[in-house]
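Handing you this structure, nothing more for now.
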Amino acid sequence: MSVRPPSAVPRPQPVWDDAEVLVHEPVGERYRRLVLASDTIARTAQAGQFLMITVPPNGGDTILLPRPMAIHRRRPASAARPATTDRPASPGTAGTIELIYGVVGRGTRALAMVTVGSRLQVTGPLGRGFEFPPGTRTALLIGRGVGICGVMGAAEDAAALGIRTTMVLSGQRPDQLLGRSDCAELGTRVIEATDDDGSSDLPTLTARLLADFDGSTAERTPPEMVMVCGAGVLARLAAELGAHWGVPVQASLEAHMACGLGYCHGCAAPVQTDPSVEGPLVCADGPVFAARIPID
Amino acid sequence: MSVRPPSAVPRPQPVWDDAEVLVHEPVGERYRRLVLASDTIARTAQAGQFLMITVPPNGGDTILLPRPMAIHRRRPASAARPATTDRPASPGTAGTIELIYGVVGRGTRALAMVTVGSRLQVTGPLGRGFEFPPGTRTALLIGRGVGICGVMGAAEDAAALGIRTTMVLSGQRPDQLLGRSDCAELGTRVIEATDDDGSSDLPTLTARLLADFDGSTAERTPPEMVMVCGAGVLARLAAELGAHWGVPVQASLEAHMACGLGYCHGCAAPVQTDPSVEGPLVCADGPVFAARIPID
Amino acid sequence: MVPVLDDTAVTDARAGHADARAGHADARAAFFAAGPDLRDPTIPAVDLSVRIGSLTLRTPVMPASGCFGPELGALIPVAELGATVTKTVFGSARGGNPVHRLTEIPAGMVNSVGIPSRGPAGYLATLHPRYAALDAPTIISVGGHRTSEYAPVVAALGEHGAAFELNVSCPNLDRDGTDIGSDPAAIREVVAAVRLVTEKPIIVKLPVLVASIAACARAAEEAGADAVCVANSIPAMPLDVLTRRPILGNVIGGLSGPSIKPIVLRLVWLASRAVQIPVIACGGVGSVEDALDYFSVGASAVQVGTASFGRPFAAVEIVRGLLERCLDAGVGSIRELLELEAAL
Amino acid sequence: MVPVLDDTAVTDARAGHADARAGHADARAAFFAAGPDLRDPTIPAVDLSVRIGSLTLRTPVMPASGCFGPELGALIPVAELGATVTKTVFGSARGGNPVHRLTEIPAGMVNSVGIPSRGPAGYLATLHPRYAALDAPTIISVGGHRTSEYAPVVAALGEHGAAFELNVSCPNLDRDGTDIGSDPAAIREVVAAVRLVTEKPIIVKLPVLVASIAACARAAEEAGADAVCVANSIPAMPLDVLTRRPILGNVIGGLSGPSIKPIVLRLVWLASRAVQIPVIACGGVGSVEDALDYFSVGASAVQVGTASFGRPFAAVEIVRGLLERCLDAGVGSIRELLELEAAL
């Protein structure tokens, strides 16, 4: 895993904003959707970038550190959105960003208490996201659980750029899969892989994807790019597929973060080779890295 | 101020209990009434004794130290109540204790969140309360604000023992005075003294009480005992009146407390004369002390 | 048996719904009744005992000094504790600090009781008999303001108590007023002198604000201590949020409770690696999870302080929780329980 | 002027209610715009400035080392701060600690970043120009693992930066690995050596776990420091609540944030009484009330660490709050404000 060479596209300047909470609702049993009014961020965020969300106090419990969250969907208000975008803005959602998160600990528990109409302080867009090299025509995207939010921005860009994409949606059970309706809206082909029927099992899924893409029709040529969100088994899958097909792989990672901006050094990725050199910072050099070797 | 000589009446053994919250409601703008089901405590508590209330966590905010609260009213369920008691038990309140408290800080704010039907852990009855020497026929009771709760138990005992009592109810405004209905129920004569009309002003109130009690009718002979709850101006008043009439004064004090039982030494009263001897413990030697000198 | 309609039942019927409860014992009584009989041969063999020098404690849970009194004997089943620990006894009578002596702040309390004491004679006359009447060994906490002050107190307490805990978180008036316990040489002096006057187990209770807890623990061990207790409260200065004046009469007090636990965990971990004698953990223990956290970093026993004020039964609950965990896991000791957990 | 129906308005009308916001700047921009111009002659004379040796800081609020980066220049009006403070620079390149490097616990965070550093040359090449571009003096934090390691770094940084903060909360590898800053003699050596290579102000940032903060502060003052910063984070060991394993890759990290404030308040109070040089308070400062608490016990300036992560504008808000308090009270300085408060 390594930092990719600098991109031609400049990164947007992060801002912090007091964003109004427009929607905050459960998604299935495990997740919550949060739609925030922040056109500045919706307009500038790149695929795979993230926010730091300052979690308001939960009763007497103060949450000190902001929580990193991927930007699942960007819906800028104005025409200043990427020139290639021609999908219609759903009324009432323009100028917004959408996040989906799981309630796992103190911070996300407190976040879940936030009421519609209140304001959340967010800093973003942050980090270096997914980038399609110019001329890319096809891509395979892979996400699991809330990791699906990490790659959905790439599906948005692909739709806008006319890149044909297939997205693997993985999760424990079919009713817990995120992103189906987003993929439908964006015209992304979906492959579902769940634990309950064994279809997310690494060898099974690998075989299925190889069969799927290595077929003989033009529809089925291997993708020119693999993008994945999450370390672990799926990143290993992505790296193996990338190696098999000889195409680049971009992987989005997670790390505990404090600043999200690159100065606290809390988020260095665990890929130090030389003890005197720090690993790349997930918040500033990533969260998306070029994956060359499988990551555990 | 000093510890009184040992009493003939043994003190009840404190217990802790998980007492059901039967009533929890605002009293005026500043206070809240809490009625708890705990017959053990209602049955054994002596006038002027108090409880330590363990405050349940308020959201994520844990309250570590229990909060001391006077037992405003005791309503034992069974006939085991003091033999002299012949007031009727209001149905539904038997086997209960009543507290009234002001919301002042983190602990009482969290206490105010407790819902009817839940259980509160209380330890009590604690401390040494007000005691009428055998043969007492008349008494003057003085309380201000929630301090009125500290002396109401003495009014209850007086009613049961046939002692004629007058109670000074003091506070900032007439609509903030606690205890009117309790005094009515107990047949205690009330003198109101509030800040807004200057009637709680020390010289004014002193003159009024002296005139009231030093009148010539039999009704108006000086009381044989003065009981007061609170340090400060009213305790000074009580001490002066006691000295003027030559009758004993009992004063209930407050102190920051941790254990309420006499072992943590957190609550020593600030009346050390010899630096090698600790002042009396408010929780175990008091909260009611014999007041000889005015207390500031 | 013929059911008898007794007085209580009559009262219950008469006095409305609240009276349904009148027949019940208080929760305290129920708690007493629910306790395990640790000597019951039908309970599978779980050995919670811990050795401190020549003393074997039934269970590895005891109160922290200053946070227990014989008054609690009627409120909790003291027999389930490994020991009781007294408030610190000094050589001469002390009145303690001015009011306020304690306050609560978020996640902790701060106390500046100042350790009032009636001296060893006063302790033996008034308090000790009440401790001795409890069904658990008494560990007597002893303090001093010079390294020379500890041994005479221990000698005066003579044959009483089962062990001595030396509270060395006291300013050293022979030096610059820094804690005796922050200076390994002073610790050595104290322990060596006490060792000469007693054969009973000696526990040295170390402070937090030290340059090296390992050096302090080793000094205690080398001078002959049977255990170290890590640690005491952390000096702090709470201000009134409104007036910005110090809340405590003494300005400074000791911070204890949940907020000190991560700090003390590190100290216990370091001390456990530095010495062979048992380490007794003290700082923010309020639940069986807290206790297991400390056991997992090397502690052999825990003391419960601040938590007992709000929940007097906290220490007993921890004992019962440990027992239950072992029984549920089918293991015979806390060590085995932790090994099982670590293997998951 | 003739109103022009511009593009934005058209978009607003078309795209529904959320777009009403699209025309607004983000909250950050509004925050920038709301700042006082401290040089505005129409603002009554409030002097928030503070002197650290030869350096005068506009305001007594600055970030804590490791909790600021030049990246913040675009997010907050740095010009309102008294200074910026860099992450600690070591003599040689260091990679820092393994993951996880930080976590949050109730009322605090624990970090074991381990101070990655590219050495003075790396700092000067990459980071310093970005600090120098900000409108506030740069205080460069310098670390070392031997008392001899500090002066060469300061010498290498030469003419850059406005002052040096010596982070002595680093294990002394010449001794037993206890912090250099817990040993007054070692502090003296470090400061004396640095004094020889720079005339710029020297701030010594002391650790919490010391036997006597007064002795440490005095050592710094006597050896020629211009200020002390009290204090650093407190070593702690957070465990995962479920697995009971250390959360941090390095097992131990530094506890910072609100829960350390009462502990550090006492240290600042003691240090302020021990030395004549200014004391900069650092520990749990997140609001103007926190800052005033520290000023009231003797601090001359405050540093804001942990609070900035959740609220990047925290330090600037404190500056504005101090100014407002002084203006509201009609006083010209924080000292006068506190005197007024104390007189109430």
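Note that the chains take the letters A, B, C and D in the order they are written out, and that residue 1 is the start of every chain.
The rule we apply is simple: a residue touches a chain if its C-beta (ideal position, glycine included) is under 8 Å from a C-beta of that chain, and two chains touch if they have at least 3 such contacts.
Given the structure is predicted, the values throughout are model-derived calculations rather than measurements.
Enquirer: Report the inter-centroid distance (CA atoms only) between chain B and chain D in whole Å.
Expert: 50
Enquirer: Just how far, in Å, is the C-alpha centre of chain D from the one of chain A?
Expert: Their C-alpha centroids are separated by 33 Å.
Enquirer: Could you please state the distance in Å, as a whole number, between where the Cα atoms of chain C are centred and where those of chain D are centred?
Expert: 38
Enquirer: Quick one: chain A and chain B, Cα centre-to-centre, how many Å?
Expert: 63
Enquirer: Chain D: which residues touch two or more other chains?
Expert: Answer for chain D, listing residues that touch two or more other chains: 106-108, 258.
Enquirer: Pull out every residue in chain A that's touching 2 or more other chains.
Expert: If we look for residues of chain A contacting two or more partner chains, we find 60-61, 106.
Enquirer: May I ask you to sort the chain touch graph into line, ring, star, complete or other?
Expert: It is a ring, because the chains touch in a row that closes back on itself.
Enquirer: Name the touching chain pairs, would you?
Expert: A-B, A-D, B-C, C-D
Enquirer: For chain C, which residues are in contact with chain B within the complex?
Expert: So the residues of chain C touching chain B come out as 7-8, 11-12, 15-19, 21-22, 25-29, 66-72, 74-75, 87, 92-96, 98-104, 106-109, 111, 113, 116, 249, 257-258, 306-307, 309-313.
Enquirer: Help me check something: in the complex, which residues belonging to chain B touch chain C?
Expert: 13-18, 20, 22, 37-40, 54-55, 61-66, 77-79, 89, 91-96, 106-107, 121, 123, 255-259, 261-270, 272, 274-279
Enquirer: Name, in rising order, each residue of chain B that touches chain A in their complex.
Expert: The touching residues are 58-61, 106, 110.
Enquirer: Please name which positions on chain C make contact with chain D in the complex.
Expert: Listed in rising order, the residues are 105-108, 110, 176, 178-179, 182-183, 208-212, 215, 234-239, 241, 243-245, 251-252, 255, 258-259, 262-263, 265-266, 269, 289, 292-293, 296-297, 338, 341-342, 344.
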